[in-house]
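Listed below are the structures to be examined.
In the two complexes below, chain A is the common chain; its partner is chain B in one and chain C in the other.
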Partner chain A sequence: MTRLVVRRLLSLIPLLLIVTFLTFSLILLVPGDPAVTLAGDNATPEQIDATRERLGLNDPMLVQYGKWVGDVLTGDLGTSLYRNEQVSETIIDRLPVTLSLTFLALVVALVVAIPAGLIAGTRAGRASDKVATVAASVGVATPSFLLALILLLFFAIWNPWLPATGYVALEDSPWEWFRHLVLPAITLGTAAAAEMTRQLRSSLVDVLKQDYIRTAWSKGLASRVVVGKHALKNAAAPMLTVAGLQVTVLLGGSIIVEQIFGLPGLGQLVISAVNSRDLPMIQGVVVASVIIAVLANLVVDLLYGYLNPKVRAQ
Partner chain B sequence: MTASEPTLAGADRRSPVLSIENLTVELAGEHGHVRVLDDVNFEIGARETLGLVGESGSGKTITALSVMGLLPKSARIPSGSIEMEGEQIVGCPLSDLQRLRGSRMAMVFQEPMTSLNPAFTVGDQIGETVRRHRGASRRAARARAVEMLDLVGIPNAARRVRSYPHEFSGGMRQRVMMAIALACEPALLIADEPTTALDVTIQAQLLDLLRDLQDQLDLALLFITHDLGVVADICDRVMVMYAGQVIEGADAETLFEHPEHPYTEGLLRAMPHIETRSGELFSIPGSPPAPLDRPPGCAFNPRCGYAEPTCTADAPPLRSIEPNHTTRCLLAEKLRLQGVQE
Partner chain C sequence: MIRSKKFVAAIAATMLVVTACGGGSDDDGAASSDPTSSAAEQSEDAPTAGSPGGTLRYAAANEPSRFDVHRSSNGYDQNWFAPVYERLIHQTPQAELEPGLALEWEFTDDTTFVMTLREDVSFHDGTPFNAEAVKANIERAKTVEGSGLANYLASVDTVEVLDEYEVQFNLAQPDATLPMQLATRPGMMLSPDAFENADLDEMPVGSGPFALVEYSRGDRAVYEKVDDYWDPEYAQVDQLEIFYMPDAVTRLNALRSGQVDAAVLEPSQVSEAEGAGLNVDVSDSLEVYHFQMDRSKSEFGDVLVRQALNHAVDREAIVEGLVFGYGQPTTQWVPEGSPFYNEEFGPDYYPYDPDRARELLAEAGLEDGFEFDAMVSTNPIYVRLGEILKEQFAEIGVEMDLRQEQQLADAFFVRNDADAIVSPYPGRIDPTETAQIYFNDESFSNPGRQVTPTVKDAYFEALIPADDRPDAVKALSGQIVEDALGVPMLFPNAILASTEDVNGLTWYLSGHIEFDGVTVNPG
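On to the complex of A and B.
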């Protein structure tokens, strides 16, 4: 197990290098020049040139990238081009918002998917299965902005039960933190819930046909034990894999959801950074996201070993 | 069943553990229901071993699953009765089945590699039955699991309870299956080709074990196989199945020495140590009919070397040809069929 953890953490290094290099090259390919903006509205071409020189934007791309990597290795993610803020500080500031949102969205997904998948999978072909399957298709297909609008209308505007926008830190007030995140988490988690329901249903249908389930019945176990213990533990493994993939999807989706609900997270940060071509900030967010995704998948793999003893042994 | 029924010879016999009468089973197929079991009758008493033999697809597993109440959902039982220690299984509520399964009747399956749950330790899978039926505590169930692993001859039982199925070989897994099946000391054990998937030496060990366990636990044993050699080894009585019907039944010795059905004769001739004069292994020509296109008359007639025109007329009933010897062959009295001497 320790070996798995070490291996995963080591694999972070090449992964980060590749992803940040790609981001770097892509940003430089996009037209637009931060020096023009930074130098001000009435700047002369000379002033713009000077700004560009100061920021090192005239260097060849590889040199610029090399410099950035060098700085990161000394623990410095750089400063924002515009805001005179340490990138690392800004990210640490914003990270809890995005993590809270992603985590709650995952909770929403699991809370919906486990019972729905169990019901659909054990009643395959019957009415409740069909309802769940259709609901899952709708859930996957609904765009998050539409869902957000509906939720806002029902729960924030027509019935002002929940705040429509804003964020309260967990340490300030857990209850307000929760209230502010309910609607965003549902918006973000719905597609994941639908995906995981489908996955759980199909693996459950498959598992219930296995010989060891027949053995479980032959022992006289109650239906609850046969399904809830013997089938679920086996069917949960493929669902967990999907959950791991969903973390990455949720991180991506949080960008839009943060915009809609006015949550000051990494998503908002990265959008404004991309708009202004604030390269150090973009790179910082990318690094943070990659690390989160890798750690989430590490957790998934550790859980997978618990569900599947055969994997654990290897 | 009233005492006045003359057909029941049960007066002087101990009441059977399992008794099946006129059992017919149909499975839903693409073209409606097909009959996979037709008018099956038998009884097994305590300490008795009944062998059920027949080619692949003859309905052996279906018979076993009917007893356990584990038939596929698409199955229906249009007629017949299955009594386990006097309790009717056909049409009984699931809760009754769940009480009997694992405690009074248990089954070891044909597929040792896939019949254990890969996600739980074998100790858990043995102990869970004890917890379910005897209300044992976790600790008591664990102790029973160790005891059972020991009983079925798995070395280092105390350590091995914590192993997962993938850490065992096929033969060892089948032993674990036996440990699960016998943990609550059932009255009836159904062993469905328990050794078919395993190699010969392991096979012999498992058969010895099964015999031992039967003695220790007074088991009624329904032993399913397509290997007559194994039957000779372990069974008191034998029933031969063909295309969903019992076509012959007798004491093992009688059946081997004086078969009264050409199909049984064919099976005996096909046994590996019986060679034809040319030295080649004999095999019955043709293959059994699919449940959907049974021939008219005797189901075996298209493959039978002795078939006469009468054989294609009416379906022959199972009849007594001698005391404790039944056959479905119309010509049994006429034919002098070859048995084997042991």
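On to the complex of A and C.
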């Protein structure tokens, strides 16, 4: 297991290099020049040139990227092009918002998907299965901005039970933190819940057709034991994979959800960074996202070990 | 709904600041000696003035580029700066100039500008405000690396300290617009002791009615009232919070569900906001939606072509269709009622007349029309405007290839990537400033650097701080229209919504918001 963890963490290094290099190239390929924005509303071409020189934007791309990697190796993610502001500090400020949102969205997804998937999977073909399957399709297909607006209308505007915008830090008030995140988490988690319900249903249907399940039934075991212990443990593995992948999807989806609910997280940060082509900031967010995605998948792999002793032995 | 007709009542004489000086406040400078303070005017609009204290929460659509005022790169930053950075000259909501840190000002000759400063003012860090501080600020604004203000102060050659509270600007060339510049960001005073502060981009040190106590980028800024500010009427609330919410739907939701007390909205939201029982204030603004040509490209060098395009645009239809009637059609760059408005060039100077437009094109030898490239930013309202224009130009046989561009200024002003753009302009009360920005052969925002000799002459006339300057400025304003240097289309209204607890909140004609005398009832 230690080997697995070490191997995964080591794989982060080439992965980060590839992803950040691609981001770097993409941003530089898109026409546009942060020096123009930086030099001010009404700057002369000479001022813009001076700004470009100061920022090192005249260097060849590989030189710029090399410098950036060098700084990162010394633990320095750089400074925002636009303000005298450490990228790492800004990300650490914003990260709790996005992590809270992603975490609660995942909780929403699991709380919905496990019972719904169980019901649908064990009663395949019956009415309750059809209801769950259709609901899941609708859930996958509903755009998050539409769902957000419906939720906002019902729970924040017509009935002012929950706040429509804003964020309160967990350490300031756990209750307010929760209240501010309920609607965004449902918005973000619905598609994931639907996806995971479908996954759990289909793998459960497969597993329930296996010989060892027939054997279990014929031994006269209670359905709680057959489904809960024998079937679910095997059917859970594919769902976990999906859950791990969903973390990346949720991180991406949080960009839109944070906009709608006015949450000051990484999503808003990356939008303004991309719009202003604040390269160090974009790179910082990319690094943070890659690390989160890899860690989430590492957790999933460790859980496989719990579910499947064969993986543990390796 | 309160529909303010500010222009008619407004602006008037004090805008003719050319030779005028500030109102006669005493040296002790209390607000009582200043009956024209905007707080007094606002109370007329607000019959049930609220009580002092409490917290006002406002949702803004833009976030500040940075709090170091000299390196600020966005005109809308002023909304976040005004509470904390006091300016040399203030503006009323109607864009009249009135004393701020400077009590009086005048041009002693065409290139010499003298200001008498308010005494007994300190910055929030205790540094005294005086002529040395003004000199230090102007010099830093002109020279600091990445300055966002240097261009507005380009005419200033040197700043001289005459005595502790008297300062003289020596200009390299006449620039009658200087007092107006000093009523915006270039006139904001930062504590000279804070110039080297490492956290200046997040933590400004000014001498304004509020001090910034907390700033979380992309989220909010929290300001607290300062006790010894010279105008006790200015800050009525104890705390001010400005939230950054780029999405208009989010702003209205926040307002409806009580997370904020006031917000700037879009025209399409007026009926929803009114239906929800909010106060909606529709204000005139100087902002102009316009079609800008690079006159060194395509067929735009020919005045007949530019006039044809002006005739091809149905301005009334655009006001109805694009901003739901919340705007005024125009062919001139300043609105009716402005002291610099030239009556000969009203909204009907170029009536919508496709036949006339086709005749003008034929006269220019373009019977079969022509084709050009244009860009528009990705903001939906400007994209819609671009699509309307494309259709209207097509009617006279002119084909506009329109594409969206995220970094419009960069693409058009620096890389000259297209022949024209569809764009908003924040607007200036004085067409001379507009000419400096768009219609001067040296200006950054005039990509072809082309200008007609007639406009150039009128521009230099208008820069001279003479007694008959308003006439010179009107002549310039008209000349820009006659030469059809651009296609201005409309002044969109600014839409400000607030709960019934808020009193005295006003959109400023300059396109900004300030919190002068604003109260909020608790609850």
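Before moving on, here are some points about what is shown:
Heads up, the rule we're going with is that the second predicted complex is superposed on the first by the 314 of 314 C-alpha atoms of A that agree within 3 Å, B and C clash if a C-alpha of one lies under 4 Å from a C-alpha of the other, contacts with A are read in each partner's own complex, and residues count from 1 in each chain.
As a convention for this text, a contact is a pair of C-beta atoms (placed from the backbone, for glycine too) under 8 Å apart; a residue touches a chain by one contact, two chains touch by 3 or more.
No experiment lies behind these values; they were computed from the predicted model shown.
Under the clash rule set out above, the superposition-derived model of chain A with chain B and chain C shows the two partners fitting side by side. Shared-chain residue A:264: touches chain C; no touch with chain B.
The superposition places the C-alpha centres of chain B and chain C at an angle of 160 degrees about the C-alpha centre of chain A, rounded in steps of 10.
In the superposition on chain A, A:224 makes contact with neither chain B nor chain C.
Legend: residue contacts after superposition of the two complexes on their common chain; A:209 is shown touching neither chain B nor chain C. In the superposed model, A:3 makes contact with neither chain B nor chain C. Within the superposed three-chain model, A:93 lies in touch with chain C and out of touch with chain B [touch as defined at top].
In the superposition on chain A, contact is made by A:234 with chain B only, not with chain C.
After overlaying the two complexes on the shared chain, residue contacts for A:310 are found with chain B alone; chain C is out of touch.
Number of chain A residues touched is higher for C, counting chain B against chain C. Minimum Cα separation between chain B and chain C in the superposed model: 48 Å.
Remark: chain B residues 68, 70, 94, 97-103, 106-107, 109, 111, 114-121, 128-129, 132-133, 164, 166-167, 177, 180 touch chain A in the complex. Across the complex, chain A is touched by residues 63, 65-66, 68, 71, 73-75, 145-152, 198-202, 216-220, 243, 245-247, 249-250, 253-254, 256-260, 276, 406-407, 409-411, 413-415, 417, 437, 443-445 of chain C. Touching chain C in their complex are the following residues of chain A: 31-33, 36-45, 47-48, 50-51, 54, 82-85, 90, 93-94, 149, 152, 156-157, 160, 163-167, 259-262, 264, 268-269, 271-272, 275, 277.
Across the interface of their complex, chain B is touched by residues 210-212, 214-223, 225, 229-230, 233-234, 307-310, 313 of chain A.
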